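Chain nomenclature is as follows: A, B, C, D and E, assigned in order of appearance, with residue numbering initiated at 1 for each chain independently.
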Amino acid sequence: MQDLVKEKPFKPLVVSFCCNWCSYAGADLAGSSRLEYPAEVKIIRIPCSCRVDPLFVLRAFQRGADGVIINGCHPGDCHYSTGNYYTRRRMAMLFSMLDFIGIEKERTRLEWVSAAEGARFASVMNEFVGELREMGENKRLGDIRCKE
Amino acid sequence: MQRIGAFVCWCGSNIAGTVDIDAVTKSAADEPGVVYSAEYQYMCSEGGQLAIRRAVEEHGLTGIAVCACSPRMHETTFRKTAAAAGLNPYMVEIANIREHCSWIHKNRESATEKATILMRAAIAKLNLNKPLFPGESGVVKRALVIGGGIAGIQTALDIADAGYEVDIVEKSPTIGGRMAQLDKTFPTLDCSACILTPKMVDAAQHDNISLYTYSEVDEVSGYVGSFSVKIRQKARSVNRELCNGCGDCITKCPVKKANSEFDEGLSKRSAIYVPFAQAVPNIPVVDRENCTRFKTGKCGLCEKICGTKAIDFEQQDEIIEREYGVIIVATGFKPLSPERYGEYLYGQSPDVLTSLEFERMMNAAGPTGGVLKRLSNNEKPKSIVFIQCVGSRADAKKGKTYCSKICCMYTAKHAMLVKEKYPDIDVHVFYIDVRTPGKNFDEFYRRAAEQYDVNYIKGMVGKLADEDGRLRVIASDLLDGKQITIDADLVVLATAVEASPDVRALGTMLTASMDQNNFFTEAHPKLRPVESPTAGIFLSGVCQGPKDIPETVAQAGAAAVKALGILSKNKLIGNPCIAESNELLCNGCSCCENVCPYGAIEYTEKEINDHGNRNNRRVAQVNEAICQGCGACTVACPSGSMDLKGFTNRQIMAEVDAICRT
Amino acid sequence: MNNKEALIPKLGIITDIRDETPDVKTFSVTALNGGVVFPHMPGQCAMLSIPGVGEAMFSICSSPTNKEFMEYSIKKAGVLTDWLHLAEIGQQITVRGPYGNAFPVEDDLKGKDILFIAGGIGLAPLRSVINYVRDHRENYGEVDIVYGARSADDLVFRKEIENEWDSKNGVKVHLTIDREQEGWDGNVGFVPGFVKSLKFTPDRTTLVCGPPIMIKFVLKTLEEMGFDSTKIYTTMELRMKCGIGKCGRCNIGSKYVCKDGPVFRCDDLAKLPDEY
Amino acid sequence: MLKLPVSKMDELFSLINSERTLYMPLEKNSEICFDKWSSDASIRLDKLNTVKSPKDFFFPASENIAAFKTKGKEIIMDDIRSEIEPFALFGVRACDAESFNLLDLIFLNDKDFVDTFYESRRQNGIIITTACNEPEETCFCNVFNIDAANPGGDISTWIIDDTLYWNSLTKKGSGLTEKIKKMFEQADESEIADHQAKISGVINKLPFKDLSLDGFTGEALIEKFSSNQWEEICHTCLSCGTCTFICPTCHCYDIQDFDTGKEIHRIKCWDSCMYYDFTLMAHGNPRTSLLERFRQRYMHKLVYFPENNDGAYACVGCGRCVQKCPISMNIVKVAKALKYEGMK
Amino acid sequence: MQRVEGEIKQKAHELLKSGVVSSVLAWKKGDLVYDAAPAFFKSPNALEDMVYNGFCCSNLSKYLIEKDSENEKVLVFLKPCDTYSLNQLLSNHRVIKDKIYAVGIGCDGKIDIEKLRAKGVKGILEIEEDGESLKIQTLYGDETCVRRDILLEKCLNCKGKDHMVYDELIGSELSEETALGDKFSQVDELEKMSSDDRFEFWRCELSKCIRCNACRNVCPSCTCRKCVFDNPHSGVNAKVNVTDFEENMFHIIRAFHVAGRCSDCGECTRVCPQGIPLQLLNRKFIKDINNFYGDFQAGETVESRSPLFDYNFEDIEPNVISKGRGIN
């Protein structure tokens, strides 16, 4: 009987923070170019990647996210001139720390996607979700209360 | 608790084709705070907007969540709709269920599920929205231009012509800048002075322009619309009001050995001097370092000769305080000194010149009266070698990493001028690449190479050697791969364009960001090239990066227009989505201040009433007129006392929660 | 479910919301199937909560004689109260209680001439007693109510005061506001001074409630007028969480406001450390 | 009294564990704390003075007391209470055992408001105490008339060389003893007398054995409260919760809501009166200063609690705060500093 | 050491008496031999109880925060490592230099009484320092111990004997670098483990946390008026760790919020009642900062700016770090 119970394919939950000026527009372009990427990706619009507090990243994992990706303008292109440089350092620290306490490093990512890179946005999302599918559920940094 | 109306747009079949509108609308009704949910074919249409307005009225809505296309498309539309319905325009949130959902997902079930989640996130955020009100600030109708070169002059003239008052602050005793030092300009070979000096005079005579020469900016505070600036007018030792510019004092001055800055040190001047004949204003200045009176207390010949009693040795620096609505930076450049490159023998052999020195030598009013000669023996050179990219396109340790942009063209100009005047002189040019993008630029270069028979050699000069008074240029010919030597009588170095080194202090004063080469950074490299990221600060000319004259003038005009955009307003309306400091929580640690790209955060000592405990504390305050709302400070702040209106910590967390709620 | 557990609330529903002042609303609450959520005595409190928003202690301002619904007058002050002020009729809330002691309506107050002194929202806890006394009028002597607020707009229960309390059944109400105001022909001045000017005899049993500063000055005035602190009662408010004297917050010395209070006789209060 | 060779203790534990879950001081991740016994656990009966007191078996750091779902204006309340499994604590020190009696005063004594969560844990837990073989220099349980050589609880035990002595004190204790009696042989109380005397001898040498709490009564409340000593001793307190959380008798708690996204958990959790926000309200805070908060903790332990509970101090002299306070402040220092305040 | 204690007392006496300072922040002797509690002394008479010995572990700089609100000057004694914290506090404007008189004092390493207890030594009555060895009298007989074996974790990674900021120095010749080696060695070891093992390691350690906040409250870099974890409006406040996630979050964010400002003073580790090696989290950040952005020591100067508030155009990409890991 057990063989008949088909396991549901794992659908990772992905929170994608997108900077309003570049990546969010890049995601819009992916949309208007009808470039497919998995529906598991949910985008949150922020003014700049530097608005992403490590608390937000942890919050997403707490609430059951399987992966968090932060998207900002390419270095040098920040709408606010330096925001993404700070993001880069902060996230380097945070990701490294998550790795250090044994959270799978592939669950976090920082990407630079410009407003013109609709195709890249889609492919980054495809790739990220692909990796997460392979990794499976986030069991290490979730809050059991939010998963019950 | 809000009373939220959720509106789901079909966008014809754009959304409805993939997303089950009905399902999204129904589940919106169950979300916290939602008291009304509806769908419509085209929310952005007149009818859709009317439906929203009606719903606000009928259901007493306090917020509107629209599930439609990208907010980049219609956020403004719906904000206006909200305002028309009597709501604060910022009580609107958009769920992007078209670009981020229906257009990318084919499966109806998963697209509907995602649209529902995006809707939920928008509502979760909206539940925490607060009405936001943009700040307003007045505009002082006066502009400050820092730098009186061609860029500054042009910007000032454009602004003055538009009817606003402009002050030009120039460090040296005259306006005119680098362009005044040039002989001819490429690619037309017209006389630089002939086109510049009328502009200088225009600027001096313009009713709306005040010149502060021999002056520097000491202090800047304030923000767009009302900068407060302290200008230090250095003591000239000559009363500007009394001086009639007769020049007697200059003739009488016994000191004749001071280096002429204008001639790049190739000629000498007196201690009281005007930099050049056409200087504006034509008022001499006493160079106190070289003046005998200031050195020994004796002399005073100029004072005796002056018929108008204009000489004033007691004169002090004067500080002028002024308010400005905008500031335009036009600080220009200085040529890099090639002394650091020992291999070129600059400073060791008098026959190695920089291009600007060469430019002066070629000028009829220059140190040699326009006669080309070897400074070592006053003989006419038989062979001249021009070396390009001296200090440009180098690695960061050796020089400048960038291309200085104008050297290829001025070297071609120099070569051509030499050949025209002295066809018998051999002219060699060592180059790495010849870069000639510009109208008539390549033609110009080809004319030099082809018509004037200038010997262009793609090669790197390894070193110069002094061989019995001649300069042996040892180089590698990159095309042949061979080493070549050329004996030259004169070597001209096309030195890199370098930002004036003292502008960094100015940048700090203006809180305008600069790159590692001390060029001012533009607000956006493509779309806002003449604005500094700091509101109200504009960039004109080479202070932003190497440029030739036409580009400088074009940018100067553009900066003027941008500045006028502010000057012409009576009030500046800010972006309300800016940082806000909770003074009760702020611990005054300066973390936020450290990361603010705009200098929008200031600290003040303030009496704080913390639950009945009153004490003085150092707290952060955000200047609404300056903050652009990036949010860098909010993450730097460990206590969470700095938050971003419109994108608060709680709002973003609520979105995260809503998305992750399964 | 173990109904014995004091920390587990019951459900209630808001059946009516009345605006009292710009920042005070009175909420009528019943059990889900009608009637009061639990019986109480005048002066007792209840913990109201909206799950996820917060839980806080409020004085029950309706009289125990009202068996149909309970009332709470709530001033906007924090997260929960802000939320409640935006709530609508039909909103369910959780209620637990009743907590604390009560005014001694059945013993010490019986047969006595009573003076009520209240300031601002401080009338809310006294309203329960006032209405109890009015409903058992025969058990009590003279009743005077002195009530003051910053302005006429800040007087709570104004309609009730004017239409039902004042000059009926031998109840006298004396109103005062802090500053002159157009359309106000009553007394102007702070409560303590007003009390003094009304020349009550010190044999009255007095119930005082209002902002701490007012209480302080009223007590001083009463002392000057010769009132005996053993006949003055007041009610306290401190941060409370459990309501049952265990969580450790609301103590003044060894007394817990939620359990041993909120009603204190002033001579007892004087024995406690000054930490409230 | 019963006895058993120490070598058979594993067998005993296994037997108890089959009847009810057994907890005792175990070493795990270089920390010694009460944890679930298993045959391969690293038992540390030489270190009964665990950093964390075993109070959390009855009064856990956090527990869900209710769960709510909201839908529109509606609130749905879920019953989330679960049955407490029977359990036993082995190796509880005399002082810690006494602390449960003090907690009972708080959570059980007021018949109107019994904490039923605590109550059911208490009913289901058997406390097996063990006499302290080696009291530490930080111990002062004797000050509270607790005898480390003669501990209370439901069952008391002594480990003397190779023998475990076992004595039931309560009905609950006898109930358990009945079930495992077959493992034991009879012993006489005289067998442990020497050992008890040895322990008493050590206790007589303890640095704080003569700490006096005379005068810490309700009568001296105002004097102790108003003492200017508080200012002297509170100054370097960090306002952390270490003392509170490791204290076996501290029992302040908070009630907080946590939104899981699907429902709202109402959590009862430990809190510390040392924290600034402990008494913070929307319109003020009666204890804003460090001094007030610091004073509250010790006044509660040494004056308020005894006043409300027939003279019982809210301290058992376990010495945890003496060992663990980051700034070496502790109840002994406070008691000494305030000794003379209000003394007639 | 005794001589230094004398000099310190002398100095305190002198400055108090002359009115240069109105209080002295130092250590006070308690009943137990190892008890040296931070304390303020306000009168010359009180100085009798002042002590400076191998147990004066506390970093007193934390107590200087907002002393400026009291219009008085405080004399504070700082060991070399404590002066880094003071500098950091000065640069964060949490301490005003004018309001304090800082005397740098020599240090030859401080003793961790917990390490002695962990060795099974119970009932400690007396400890006598005899060069490199310690004689311990206990209720259960005498013990000896090598001093080095029970030095505080922070002393094993001593930053050196130089004071970074001070008004004057006393007994600096006493200073002795006690560092045993690379302070990152434990971090390195963990990094070498598999992700699973690291996870297991930290779960074991962090599950011990009782959320007493001692690590936070003692930290001279944690100076928020209200911590996000205490602020009900922050959305992340909690009194206790209800789940393992909260344990992780608290400690990640605690370390993150001081990253670039943590001078590695080791107080968090010292005060943790549960013995969690909290320094590893802080040192991981320090190590990363050093590797990615160049060597940086917080508190070396007042001017030093946290690398997290700075940037370089060519900074390393976070994805590279997390994928490659080999950037070391």
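Note that contacts are C-beta pairs under 8 Å (C-beta built on N, C-alpha and C of every residue); 3 or more make two chains touch, one makes a residue touch a chain.
A quick note: this is a predicted structure, and the numbers were derived from the prediction, not measured.
Asker: Using the contact definition given at the top, which chains are in touch with both subunit A and subunit E?
Answerer: In this structure, the chains that contact subunit E and also subunit A are B, D.
Asker: Which chains are in contact with both subunit B and subunit D?
Answerer: A, C, E
Asker: Average the CA atoms of each chain to get its centre, and name the chain whose centre is farthest from that of subunit D.
Answerer: B
Asker: Please flag the chain sitting at the greatest distance from subunit A, going by CA centroids.
Answerer: C
Asker: Which pair wins on C-beta contacts, A-B or B-C?
Answerer: A-B
Asker: Centre to centre, by mean C-alpha position, how many angstrom separate subunit B and subunit E?
Answerer: Inter-chain centre distance comes to 46 Å.
Asker: Quick check: how many Å separate the C-alpha centres of subunit C and subunit D?
Answerer: Roughly 39 Å separates the two chain centres.
Asker: Quick one: subunit C and subunit E, Cα centre-to-centre, how many Å?
Answerer: Distance between chain centres: 51 Å.
Asker: Please list all residues of subunit A that touch 2 or more other chains.
Answerer: Only 54-55, 59, 63, 76, 82, 86, 90, 143, 145-146 qualify.
Asker: Mark out which residues of subunit B touch at least two other chains, giving numbers and ranges.
Answerer: Where subunit B meets two or more other chains at a single residue, that happens at 595, 636, 649, 653, 657, 660-662.
Asker: Mind pulling the residue numbers of subunit D that touch at least two other chains?
Answerer: Touching at least two other chains: 70, 254, 258-259, 261-262, 271, 280, 285.
Asker: Write out the stretch or stretches of subunit D touching subunit E in their complex.
Answerer: Within the complex, subunit D touches subunit E at residues 28-31, 33, 46, 51-52, 61-62, 134-138, 202, 205-208, 235-236, 238-242, 244-246, 254, 256, 258, 267, 269-272, 275-277, 322-324, 326-329, 332-333.
Asker: Help me check something: in the complex, which residues belonging to subunit A touch subunit B?
Answerer: Residues 13, 15, 20, 24-25, 27-28, 30-32, 34-37, 39, 42-48, 50-56, 59-60, 63-65, 76-77, 79-83, 86, 90, 122, 146 of subunit A touch subunit B in their complex.
Asker: Can you list the residues on subunit A that touch subunit D in the complex?
Answerer: Touch residues, subunit A against subunit D: 63, 143, 145-146, 148.
Asker: Mind listing the subunit E positions that touch subunit B in their complex?
Answerer: Result: residues 69, 91-94, 222-228, 231, 233-235, 257-258, 305-306, 308-310, 313 of subunit E touch subunit B.
Asker: Write out the stretch or stretches of subunit E touching subunit A in their complex.
Answerer: Going by the criterion above, the answer is residues 187, 190-191, 195-203, 206, 228, 235-236, 242-246, 248-249, 252-253, 255-256, 259, 281, 284-285, 288-289, 292-293, 307-313, 315-319, 321-323, 325.
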